[in-house]
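Remarks on the structure that follows.
Labels run A, B, C, D and E following the written order; every chain starts at residue 1.
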Amino acid sequence: MEKYLYIALFAPLVSSLFSSLFTAKPKKQFVGVIASLLIATSFVSSVILGFYILGGGEAIHVELMTWINTGGLYIPFGFVVDEISVTMMFVVTLVSMLVHIYSNGYMDHDPSFNRFFAWLSAFVFSMMVLVMSDNFAGLFIGWEGVGLCSWGLIGFWYYKESATWAANEAFIMNRIADLGMLIGLFLLYWNTGSLQYDVVFSKVALLDHSTLIWIGIFLFIGAMGKSAQFPLHTWLADAMEGPTPVSALIHAATMVTAGVYLVIRSNPLYDLVPEVGIFIASLGTFVAFFAASMALVNRDMKRIIAYSTLSQLGYMFAAAGLGAYWVALFHLMAHAFFKALLFLGAGNVMHAMHDELDPFKMGALKEKMKWTWIMMTVASFALAGVFPLAGFFSKDTILEAAFVDHHYVIYGVLLFTAALTAFYSFRLVALIFHGNDRYSQFGIHPHEAYNYMLWAMAPLFFFAIIAGIMQTPFFEMVEEALNAREYHIHSEAVKWIMLIGTQVLVIASIFYAYRKYNRNDITVPDGTSKTENRLCYKVLFNQYYIPYFYEEYLVKPYRELSGLFWKKFDLRVVDATVDGIAKILYNTGEETRGMQSGNLSVMLRWMVVGLVILLIFAGAVGLAVRYSDKILSFLSALGV
Amino acid sequence: MSEIKMFEDRNVGEGYYKIDIDSYPTTPWEKFKRVVKRSLKGELFVGLWVVLREMIKFNIHTVQYPLEKMPIGPRYRAVHQMKRLWESGTERCIGCGLCEKICISNCIRMETRYDENQRKEVSEYSINLGRCIFCGYCAEVCPELAITHGGEYENCSEQREHFILYDDMLTPIDMVLNKQQKEFEGFGAVTPNEDARLKKTPLAY
Amino acid sequence: MFETVAFYLFAVLVTVSFFIAVTTSQALYALTALASGMILISGFFFILDAEFLGAIQIIVYSGAVLALYAFGMMFFDTTREVKEKKGNRIIIASLSVLSVILVVLIFAAPVVSDNIVANYPVVEGIGNTEQVGIVLFTKYLVPFEVAAVMLLVAMIAGIVLAGKKMDVSLTLKDDSEINNEEKVLS
Amino acid sequence: MSYIVGTLINIVIVMLIFSALAGLGTYFERKVLAFMQRRLGPMVVGPYGLLQIAADGIKLFTKEDIIPQNVVAKIFRIAPVITAATAFMAAAAIPFLPDFEIFGIKVHPIISDINIAILYILGVMGVGLYGLLLGGMASANKWSLISSARAAAVFISYEVVTGLSILAPIMMVGSLSLVDFNNYQAEHGWLVFSQPVAFVLFWIAAFAETGRTPFHLIANDHEIIDGFGTEYSGMRWGLFFIGEYANMFFISFVIPLIFLGGFGDGSFLGALIFLLKVSFFFFFFLWTRAAWPDIRPDQLMWLCWKVLMPLAVINVVITGIVMM
Amino acid sequence: MEIGLSHYLILSTILFGIGLYGVMSRKNLLMLFFATEILLNSVNIGFAAISHYLGDLTGQMFAFFVIAIAASEVAVGLGLLVVWFKRHNRIDLDEMMSMRG
């Protein structure tokens, strides 16, 4: 089994290294093919491992080699395949394999085809390191690795100003959050003396409660950054500047769920600090609603899906915060399928529409793009949580978990958010695929994507439909690892009312969305209509003015403060000091410029002089240490 | 057969055929393929076999030169000879200087003077055999058949002065008297019954 | 007895060779002296039971390193004397002697003392080559691979440096332009 | 003490025999080439020209030793000695015959059975390069310089092939001593059957190392006069010659030892057959000279780096896989 | 007299001194490379001797890596040398003043 672990881990690395050989070359089709094949190898290995674990096999734990071994710190390159990581591995490799295949078509005309695959495979490798590592340090390496790859992929079209800006924003936001995570890790190491999961979790119960709270909070800050939780959420929407497969893989299915993974992975820790759990759940609920509301009015197809991702991440955090780790993990998995499907579908649409993102400029695409329409509709149903699709099982369980734990506010907000989710999903579907065609006036002639791109989406489609039935085996698998319990509502009646109520609510909002947007008289909004001038619309459309707020109240004051310091402090105090030092150095240099004649021979001689001086110094220190007791006694005799 | 083809084959007679020469390999891979092909065809081993076969046959055709010598053809162009007249034994050379003029390696030097009979007489005549390329122009141009090439090829020497003076080339008088002076056989040569022929047609001489 | 004789013989020869190599003004003398010194050094390795190292020394230095130097020297007129400015020889000599003495004092002192334990002790009974192989491919595998990669990189660098048409300026400007700029700047 | 005396005697015998053999080699070469070209070769001096060697020797020894004006005199003088000396140094590790007993004295026909014999031979033959290299560079003659450059290029390239091709047999035998090679083959059969590729590669490389005909470009008479030997005369030139022929003999000993079973179990018959094998390989050097053309230096390099070396590497890899 | 470790170390030191002298005094780039080779080799003797007298193979390992480094140094250094010679037609260290500040 270990060899499958290594294959699953290193096949993406090989793929990345191979592809990066050709980054400076024009497009080579075989690069994409080979990269896809290698990722498929990784996927197959993951599936084999998955069946092994599912069949009740022992968790596999290997140590590749020693990484850091200094003093008390021992960190190996250790990898673990247990119930949690195998789920993540399955999701990561499946989605990334499909995205690789899909990208062969999507990036077809891109001149940097090969570079794309290098980054993409590198991302997969980093993600595998993240989920498979058996210690926090390895997780952190993977964490930073996916950050780096995300940076490279968001800014993939680096000649676009917006793309580089978005890449840098994502990177910097994540670094801010990573600081929190690092502090958390340091605290953990400080208190437990190790970073190995098993060692750490066996010791956390002995720790001080307040320390645990701090550790939990700091680790969660890291998770907030990676999973784009409020208030660090702005980067995710901007990250849509990257190619769509990247959005599907990184910013929907895998990387952004790393925060959830961290919380799930640290479940023994969070179990001990329910206060932090409530905070996480509340924040998750808030974000779920907050993001969904922004998605209601947005006019950028990819951003809408991105906000929906944010919202679903909120759901996951809500579940994880409530201690329903297995539900969070299950929702993570189900969400990966239908969200990746949605994104890839959006990619098809974008491809067809020549990178047009405004759904108001589309309409009636269902004749032209039948399969994309079917897939995106089903994915939207799944997202909305309609029975019997994947989202129903995962999302409803979250609601049930909130209800059973008597967190009725959370339950209520999440329920309402579910309705919003259904609304904005079908607003998008209706605007894109139904109604009259509005694209022809922009001179666009859409066409269906390549067949193999559709085939690449097919497995996701399949899983988005049937993922629900995996709930029971999944629960049985992770039962022990996550200390899971089933959520049973006390009375059957309440349960059915809830179920049917939710479904009715969701279906009602779907119908509402269709009625509102499946009309033939929809025009491209130009900022003049009444709806658009309403306050709530404006607030939502401008994302609650949060980017504006950041710009106005954080960036600008910072800039002004910097300017002030520059003028008042830097120029007068620091510069004067520096100038003074410089003058001294300058004069010294003037005296000793003979050394720096640029003549290599002279330099070599001076090098030897330096060597002699260093050696004399070393010798003196050595002698001093050797005879320190005598020197000390001599000095004390002198009365020093 | 098209005209162009005929034109191209205008110098190709019966029994000739063109060899198919492969185009010269340009890429390394093609070069490699050529090497492999040639190696497998065993061209190298054919060469080995041929020489080994000749060795085993021991079919030697060597002449042990200093000990045995091959006969030399009458038209062999080695060291020059100056001929004499058959009848009188006087020198044939009339000192016209054509050989000196035509010599392309500029190795003939001659000086003449008038003798007491007011006939031209060669006083100094030398051919620098160190420079002579034995082209045979001098013999060809000589109107009197006075200078010809002989069969003497062992002309090595320790000193450059030995190459070569008139006296060494001139047929010794006793050889002429004994009728041992060999004439160049061929077009324009003096025939054994030249005397009679000349008397018949004096103007031709 | 033999060892002593051999040591002193080799020591004298090597010292003289190297001394010639660094002092002669004739490049060919230097090359020859250096080559002979390298080969004689392998004699020490044979005395010290490091046969494999000795053979490698001969093969690498004489077969590769100095042959390469010789190959490089063919670009220059090797029969001409090398003209060099003479520096202050006394300062240089005293500097080198001083640094050498210091190096010995500092680095050799702990080695000669007794408190050093062998990490990979020599095992009796199996050949030097085999031991070297075992240690090299177990304990020093990673450095070995790194060295291999380093050699590969150096090889490629050498090929690129010597093979490409580098007699043109590496920047897009030619020398005169650069000189002009320097004049303007200064 | 007996060890020292024995070794000294060995050294003297090897020196004498192989100096004589080198001379005889020239005689054989002339004769064989002549027969292959339907000539008789030297016939005048002595019966069947046998004394030709002596005549040549006398000529070489008595000829004026010219040191041209612009050469680097010391190096010019030393260079031929290096070639000859290294050729004989390489002989130190070669077991010429199995151990035998004569007049009650046990004779080891190997000067020193060092356990890295193959590396030693490779190394010392590599050092032999310096004779040509320095001789050519010191000659102040452009043909000599070209010859030196070729020598350096060829040796650097073909040492790689030699080393790599011989690596696979070394892996199989697990020793670097030629005696071990011999014993291994006596037990397990000839290595040429299990390592045909290595055998052919080593053979080809041997041609390059000795600079014989298909690769006779270091001293290519019709291209660059006599290469490094252009400015030499008399016995200094003769030393180059002795070195070359001694090298040919030693290589002819080494190839059968490594690949063709050597002297087998050490019986008299084995020794005889061994000498036959050696003779064959020496004869092959002459044979190819009669039959094959020379190739250009660039072709030689091409062959080495793009054909032989990859083959050698693949051979090593395959051997490794099979042995695992 | 028995040859001990100190003999070898002293020899190694002397050779190192010679090499250092060469590095400092030679103005010809090629000769400079020669001198660095001497430095590396003198260290190798020391390594081999220590390895022998301590019965530890580590010293020999270091010597191998030193040889590897020397080989790569030659490859790169000679390449640079050739390039420099092609561009400037001389390899005198005193001419190499491009690092002048």
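Here is the rule we use: a contact is a pair of C-beta atoms (placed from the backbone, for glycine too) under 8 Å apart; a residue touches a chain by one contact, two chains touch by 3 or more.
Remember, predicted model here, so these are calculated numbers, not experimental data.
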item: For chain B and chain C, chains touching each; value: D
item: Leader among chain pairs (count of C-beta contacts); value: C-E
item: Greatest separation from chain A - chain, by CA centre; value: B
item: Farthest chain relative to chain E (centres taken as mean CA coordinates); value: B
item: Where chain C and chain E are represented by their mean Cα positions, the distance between them in whole Å; value: 4
item: Between chain D and chain A, distance of the C-alpha-averaged centres to the nearest whole Å; value: 68
item: Between chain B and chain D, centroid-to-centroid distance (C-alpha), Å; value: 46
item: Centroid spacing, where centroids are CA-atom means, of chain A and chain E in whole angstrom; value: 52
item: In chain C, residues with contacts to at least two other chains; value: 31, 52, 56, 64, 68, 71, 73, 87, 92, 95-96, 99, 103
item: Set of chain A residues in contact with two or more other chains; value: 601, 605, 608
item: Pairwise chain contacts, counting only pairs that touch as defined; value: A-C, A-E, B-D, C-D, C-E
item: Residues of chain A that touch chain E when the two form their complex; value: 593, 596-601, 603-605, 608
item: Partner chain D, residues of chain C touching it in the complex; value: 26, 28-29, 31-32, 35, 39, 42, 51-52, 54-56, 58-59, 62-64, 66-68, 70-71, 73-74, 78-79, 127-129
item: Of chain D, residues touching chain C in the complex; value: 70-72, 74-75, 78, 114-116, 119-120, 122-124, 126-127, 129-130, 133-134, 137-138, 140, 145, 148-149, 152-153, 155-156, 159, 163, 175-176
item: Sites on chain A touched by chain C in the complex; value: 601, 605, 608-609, 611-612, 615-616, 618-619, 622
item: Chain E - residues contacting chain A, complex; value: 20, 23-24, 26-27, 93-94, 96-101
